[in-house]
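So the structure is just underneath, and the comments pick up after that.
By letter and in written order, the chains are A, B, C and D; residue numbering begins at 1 in each of them.
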Amino acid sequence: MGKGRMEAFSDGVLAIIITIMVLELRVPHGTELAALRPLVPVLLSYVYLGIYWNNHHHMLHAARHVSGSVLWANLHLLFWLSLVPFVTAWMGENHFASVPTALYGCVLLMAAIAYTILQRQILRAEGPGSVLATAIGNDMKGKLSPLVYITAIGAALVNPAIAEGMYVVVALVWLIPDRRIERALTARS
Amino acid sequence: MGKGRMEAFSDGVLAIIITIMVLELRVPHGTELAALRPLVPVLLSYVYLGIYWNNHHHMLHAARHVSGSVLWANLHLLFWLSLVPFVTAWMGENHFASVPTALYGCVLLMAAIAYTILQRQILRAEGPGSVLATAIGNDMKGKLSPLVYITAIGAALVNPAIAEGMYVVVALVWLIPDRRIERALTARS
Amino acid sequence: MGKGRMEAFSDGVLAIIITIMVLELRVPHGTELAALRPLVPVLLSYVYLGIYWNNHHHMLHAARHVSGSVLWANLHLLFWLSLVPFVTAWMGENHFASVPTALYGCVLLMAAIAYTILQRQILRAEGPGSVLATAIGNDMKGKLSPLVYITAIGAALVNPAIAEGMYVVVALVWLIPDRRIERALTARS
Amino acid sequence: MGKGRMEAFSDGVLAIIITIMVLELRVPHGTELAALRPLVPVLLSYVYLGIYWNNHHHMLHAARHVSGSVLWANLHLLFWLSLVPFVTAWMGENHFASVPTALYGCVLLMAAIAYTILQRQILRAEGPGSVLATAIGNDMKGKLSPLVYITAIGAALVNPAIAEGMYVVVALVWLIPDRRIERALTARS
């Protein structure tokens, strides 16, 4: 089965999510620098969605088969990602209050779990000796991120600034380009 | 004639419908679990739209020809599907009142009829001995669903909870992956 | 130069226009049939946009070359088409008042002119003996439609119902599938 | 790595930006010609976004390789472009006041810088003797535009009409079709 339409549909959904989030940016009240603080969560979420698009792109590029369960795992991931603009706006408008900051972490956690499920479904279709299986390896980043999110959700209820810092750190860790898949593909060809 | 652009256009419309529906989700008032009830119809509709996208994907994957009447049958289906977010929000905001719950069923019914029309147009272009004709077979699910919707529309006017249950059952029946087309394609090649 | 991206971009814009127009449909007040009258212009515009998408699809399918000026002629057409939901809502919410009904005709007129310009740019790149030139022929429908729109704009200021009728007639004339391009392509191959 | 998905994603984002900007156009109050003045910035931004789409299309058409850093440079460009509708509306609704007119220039400046970064990332992947490197040449327009924007931002604070004029001039200079890439591609083949 072709993976082209699944990529096109995912691109459409991600393009809408990322664009609507920026389009709905409100004008900051006041002229001092502190007025720009509500823009920070939008930037953070933009980077997160960019990372997801990038990794999604790489993973599907290396995949050769797409089954019915992969299509559903993908829809499940897109569902959680389309909640990102909502929790981002809620967190930004409430100046990083405890509950919105924790909820932001919950959506990141659910998206990370959904991504792992999608990855497993694709790997199962590819088989153990596939390029993708080699490329992903033990997947340390993928296993640690949910643990950091859970810690951050707990920390948000005590001190939201700590949770914020953790979200930024995870984003930075993922920003470092993940050349595993590119390398594995080059090694094969 | 190429089917690529019809797939791309359908993906675009479905991506917008499904994403806008989730993006417009309102924050539930209150913190008890009952406050989350308005989210249920959105989840249900998300699953319905996912099923339509999935089946649309499979049907067009197996199709080889696309005629002018197929393009119009497809636009007709997309019209009814783009009414889904509206009736979903109306049903959710009125806590499953009779009339909105019945109207929700009407849109599902019209979409099901539109899908059947699209399927017939494609089958007519493919011919009786085609892979798609074999794969679809007697199409029990496709024939029974409209009957369930009609019953549910009537039931909604008496007791909306019964209609709700019927919508959920139909979604679950369709969620069971429809491997007919995949099997027929594999058998051919 | 490839025409794939121009098709993809046009599909994206048309998918957004057509979906947003339906998504923004308001609930009719009252339960009698007359309450459904504001839905009529949306249906009419849906058909018009469907016709444009269909013809755009056929014309580009037959085209082999896409130049820089074709890209701009296409953007010009998309600009007028993206004004359709706005004038549709204005006409529907004002119950077919004179000025909104005339303005609706103006946008249809400008879109028709933009389509003709696009067609000429493509024909110029294709050359006089091309499949597309043969298929389009003397283009009676394309030449008469603007004249009907101009008459309708004038009529709208006297009696909007006459203009409405004219818009419906033009839509019906275009709905009759235009098999010229399909026939010319079949004749060639 | 394939460039298809990056093109598709960019097309999606640009289609949303350009369509939403036109869809949100407000009805001008009053019937005299001056009432149409708030429409001017939307037309200007439409042309700017059209130019970006056009040049993006040409540049990627000539590119053969797409790396991870190109994907991020592209997301960076799309971020600034998705701020265009916001600053356009702000400038139009405030009748070309100083600060919004200067901010409009800032977004144009940032988008121009982002485009230059994207171009450099692509050129680095292509190598010095590539078709694209020959086509772009010394890139006078690309180097002068940011300087004009900076001048316009300063001028906006003194007299917004001068800045407006400068934005129009830059758009007109870019509107002249850039046949360098088309010519270089033809020369090669």
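Some observations on this one:
The rule we apply is simple: contacts are C-beta pairs under 8 Å (C-beta built on N, C-alpha and C of every residue); 3 or more make two chains touch, one makes a residue touch a chain.
These numbers were taken from a predicted model, which means no experiment stands behind them.
Interface of chain C with chain D: the two copies contact each other largely through different residue positions, with under half of all numbers used appearing on both sides.
For the pair chain A and chain B, the CA-based superposition corresponds to a rotation of 90 degrees in steps of 5.
Centre to centre, using the average C-alpha position, chain C and chain D are separated by 28 Å.
Inter-chain centre distance (chain B to chain D, centres taken as mean C-alpha positions): 39 Å. In chain C, the residues that reach two or more other chains under the touch definition are 8, 12, 16, 20. Within the complex, the chain C residues that touch chain D are 1-2, 5-6, 8-9, 12-13, 16-17, 20, 68-69, 71-72, 75, 78-79, 82-83, 85-86, 90. Interface residues of chain D, counted against chain C in their complex, comprise 7-8, 11-12, 14-16, 18-20, 22-23, 25, 27, 46, 50, 53-54, 57, 61, 177-179, 182, 185.
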